[in-house]
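A, B, C, D and E are the chain letters, set down in written order, and residue numbers restart from 1 in every chain.
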Amino acid sequence: MSLVSNHQAFLAILLRDLRLGLRHRGELLNPLLFFLIVVTLFPLALGPDKLTLQQHAPAVIWVAAVLASSVSMDMMFRSDFEDGSLEQILLSPHSVTMLIMAKILAHWLLTGAPLTIFALLLSILLYLPVEALLPLFMSLLIGTPIFSLVGSVGGALTVGLRGGGMLLTLLIVPLYMPVLIFSVAAVNNALHGMSVRGEFYFLGALLVLALTLAPFATAASLRIRMG
Amino acid sequence: MIEHSTPTLRTERLECIRNDMQLFSGLDFQLAVGQLLQVVGPNGSGKTSLLRIICGLALPHDGTVYWNDKDIQQFNGEFLREISYVGYQNGIKDELSPLENLNIAQVLKVARDEISPTQVLKQFGLQGYEDIPVRKLSSGQRRRVALSRLLLIKARLWVLDEPFTALDDDGKQIIKNMIETHVNKGGMLILASHEPIEFSNCKTNKIELGQ
Amino acid sequence: MFDILDKYGAPKNAYTLACTLTPWFGWITAALFVAGLVGGLILAPPDYEQGESFRIIYVHVPSAWMSLFVYMVMASAGAMGLVWKVKVADAIARSCAPMGAWFTFLALATGSLWGKPMWGTWWVWDARLTSELILLFLYLGYMALQSAIDDRRMAARAGAVLALVGVVNIPIIHYSVEWWSTLHQGPTVSKFDAPSIHISMLIPLLIMTLAFMSYFATILMVRVRGEILDQERNTSWVRKLCEKSEA
Amino acid sequence: MIEHSTPTLRTERLECIRNDMQLFSGLDFQLAVGQLLQVVGPNGSGKTSLLRIICGLALPHDGTVYWNDKDIQQFNGEFLREISYVGYQNGIKDELSPLENLNIAQVLKVARDEISPTQVLKQFGLQGYEDIPVRKLSSGQRRRVALSRLLLIKARLWVLDEPFTALDDDGKQIIKNMIETHVNKGGMLILASHEPIEFSNCKTNKIELGQ
Amino acid sequence: MSLVSNHQAFLAILLRDLRLGLRHRGELLNPLLFFLIVVTLFPLALGPDKLTLQQHAPAVIWVAAVLASSVSMDMMFRSDFEDGSLEQILLSPHSVTMLIMAKILAHWLLTGAPLTIFALLLSILLYLPVEALLPLFMSLLIGTPIFSLVGSVGGALTVGLRGGGMLLTLLIVPLYMPVLIFSVAAVNNALHGMSVRGEFYFLGALLVLALTLAPFATAASLRIRMG
């Protein structure tokens, strides 16, 4: 006889998206495998020299993460738009911003989180020394949620546009750039035994900024795109 | 089922322009409880556009929609609790089963407690299909899943865009009865449909577009 | 403030205002350009390190500044259109993008022309250069989004959100030279307490900057007029205008 | 318009299984020139599935479809010249205008020379919309564009899945007349529709699915 | 009163797809911009050192080409499947293989060809010496059509599957690998003044093979996916 609480609605949307992602196991694995392919392409192209690989490992992993994330962002709203579910979400009396937070979290859990774990494995393959592993892990742990958050704005803006997937990449990759630059700098600093504090402060600030602004911007963009 | 306030839906000078063509302008109407509003007009006359504007999904080129004398673009929280929209698109997920789809719908809106998703599906002739992904259903079965949302949700205003599409005679009859029951119980309903169905049992107004 | 918005936010008034102001700004721009070029290319002495090639500064620095400034104008106009639904603001934001992209391109092109004698290459992947390139992408993305959405109002609103999100990049571009020690010139002009540039070079540079500003304003008005006409093509006053010009 | 051979369409022991349910089996029928075959049945009874099998777009679980006594899966060149299918989906490109869409349709199939795309669009009440991207049309207008393909193409067998969807009364009348004209001129037609329309002017057979 | 000739049908489909691509200018530019972004990401991540960049330029450009091509492949059949146009194409009495050839050619003209030209520009930015430009150009000229051809098979197999775009990448990138390896080897050989004949023979052979087999395989895959 009454509206469920915001928490329950959040949870329901989160579970829905996770279930949708897991049901089509392909969907879940794909960004991961895309990531894997990009990373493996590199030694193939650069040659097997250990020193070269080690030196470029942070960059390669981060570039692959950017690409995997940007390519996967398209799926956040597209199917909901196409089958009319998005209209139903926008017509919910719950806070749309909060429902979108749930979708973003689900997206991160399905792409960013496994990617972060996988990256550790791959970085060992690329001979990344142990002292750089923690900074790499941490930077991905902060950076990939930023990607999901910022990407959701782009996804909302381009939803339903033909060729939207690619347009989306164009829109969000420039926005990912600061994260990429600072993260690679952090890992490289760690590689050379320098301090990483400045970079992590910056990344943290970006995350907070994205967390507070992105869901609103996404909700606004969705409303705009609908009519 | 419905509380004893008497809300109204009212529009003021609604105008809609598409492809540089004015579909309608200066559209004023009022809808009170216990009334059915049928939007009729030939293809391309702007029925879908009007329905989406009323729901707040699209912006009119000019004019305002009021729910209880409040602009729905500004105070939409109250309005959203009271509206249930089934558009031309079904708004259900292909990969989820009918049951899972209804569970989401219940959470997104204000659920009615006296009826469960399984019961609703049964009423729509979908017993046996509760757990099959919607992707594997026929066009009419999908439409039934979408429409079954209406019974599950406590909303005073139903906005239906071509609800009879893809339904067989049985399905059409179910929807027709549902509509009449809802209106007669004190609901409000806006319907756009090309189906030649007369709603003789309830109070009906008509808006004709495209003259 | 709001009175002014109300008055000139109305498309028709804005159109008339732009029509009257355009020629004025046009003449001011021409005068400033002549003054700046004479000052910069003839009066200012050659740099003791860079010789004559430093004179490209008179195009590079103003266009680099403009590339950032125009973005801020675009984002603010977008915000106004979004929040207060000022139609003219939408037209302004939309008109800014190609010009901003053009200034960015100019900064990139003159920068790399200058880079050849200075650094020995056309291009280095230094932080400021890269972030300026990103700015170009932001402009291009904005324009791509605008052209992908055909409903004008929707395009304007979507573009505004994108522009506002992209604002984060502006400080990054500006401070990149300080945050990373890079090849690119640190603040030389904008350190107002003690500019590390000679006064005879500084004055023409400032004049050129004003010239760029006024050029921007002129073109902006011309573009905004076009946008307003297109945006309001179904209104009576535009129809009347067309009839008048046909007659 | 149609040559003086007398082709036939025949099926043998067609069987279709979906979701582990047998929709139909041992389905034999024959369709000769000048005949209309109506496939009826409730939602989910297998009408769309049957139509797609007949077109060769889907494989039956068992059985064969013959065109002039040749299995269409093996000798489909001849068959494809003679069939025109309008499915539940429109099969037109959103980004192209109605005119451009029809031009493609003409090239893909055997075009009739005596009528031009512009004329056909006019017949379907779409004058003025020839050059607007289909994306900007209403649901009924899109359906009209899809159906206008039929008049442009020289095909003896029309296979129509819910052609009346989204059409207004005017549109329905146009399609009804078209169907009757085609059949009476010696065409063959298979129709699946929930619309309660009687084709009194032409020879009609019925297949009922889902008993 | 009669079926148009096969050539006319080929031309009509080619023009249709080109028109669709050009109408949404975004669609046309997007793979190109994706390519551009990937290439610019690298120096950013690898650092501005001229020698490093020059040495890895061929690999970077080819990897970006592989990614741009694989990501763009999704658009070859997806929209045709979703709006039912694919059914209409399969029901044409024309040779479906030939109609598909037209689609593949259109795809190459819209993505591979501009990418090839653009790559030359970017390779100058990455300090690639002049003597390697011609081999790079030639390898892209042979390689990108192979991508479009092979990619079309993958596109046909995954059309209509949810998350198809990513699954597709997964399917075809391994198939792109030989082209990538030999092309990069060719450019690197040219960089070091060695002969490139062997590599180009191989690439040529691959192109011929793809040209003869891929359209048939694509047509067959489409039929399978439809029913």
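Couple of notes before you dig in:
Following the convention adopted for this analysis, a contact is a pair of C-beta atoms (placed from the backbone, for glycine too) under 8 Å apart; a residue touches a chain by one contact, two chains touch by 3 or more.
Computed from a predicted structure; not experimentally measured.
Ranked by distance of CA centroids from chain A, the top chain is D. Between the interfaces A-B and A-C, more contacting C-beta pairs are found at A-B. Inter-chain centre distance (chain B to chain D, centres taken as mean C-alpha positions): 31 Å.
The mean-CA centres of chain B and chain C are about 48 angstrom from one another, to the nearest whole unit.
Mean C-alpha position of chain C lies 57 Å from that of chain D. Distance between chain B and chain E, defined via averaged C-alpha coordinates, is recorded as 46 Å.
The residues of chain D that reach two or more other chains are 88, 94-95, 136, listed in rising order.
The set of chain A residues touching two or more other chains comprises 24, 79, 161-163, 167, 170, 173, 177, 181, 227. Annotation for chain C: residues touching 2 or more other chains are 130, 137, 140, 144, 148. The part of chain A that touches chain B in the complex is made up of residues 1-4, 8-9, 12-13, 16, 19-20, 23-24, 79, 82-85, 87-94, 99, 226-227.
Touching chain A in their complex are the following residues of chain C: 82, 127, 130-131, 134, 137-138, 140-141, 144-145, 148-149, 154, 157-158, 161-162, 164-166, 168-169, 172.
Listing the residues of chain D that touch chain B in their complex gives 18-19, 41-45, 47-48, 88, 125, 129, 132, 136-141, 143-144, 162, 165-172, 194, 196.
On the chain A side of its complex with chain E, the touching residues are 24, 26-27, 30-31, 33-34, 37-38, 41-42, 44-46, 56, 58-60, 62-63, 66-67, 71-72, 74-75, 79, 161-163, 165-167, 169-170, 173, 177, 180-181, 184. Residues 150, 153-154, 157-158, 161-164, 167, 170-171, 173-175, 177-178, 181, 206, 209, 213, 217, 220-221, 224-225, 227 of chain A touch chain C in their complex.
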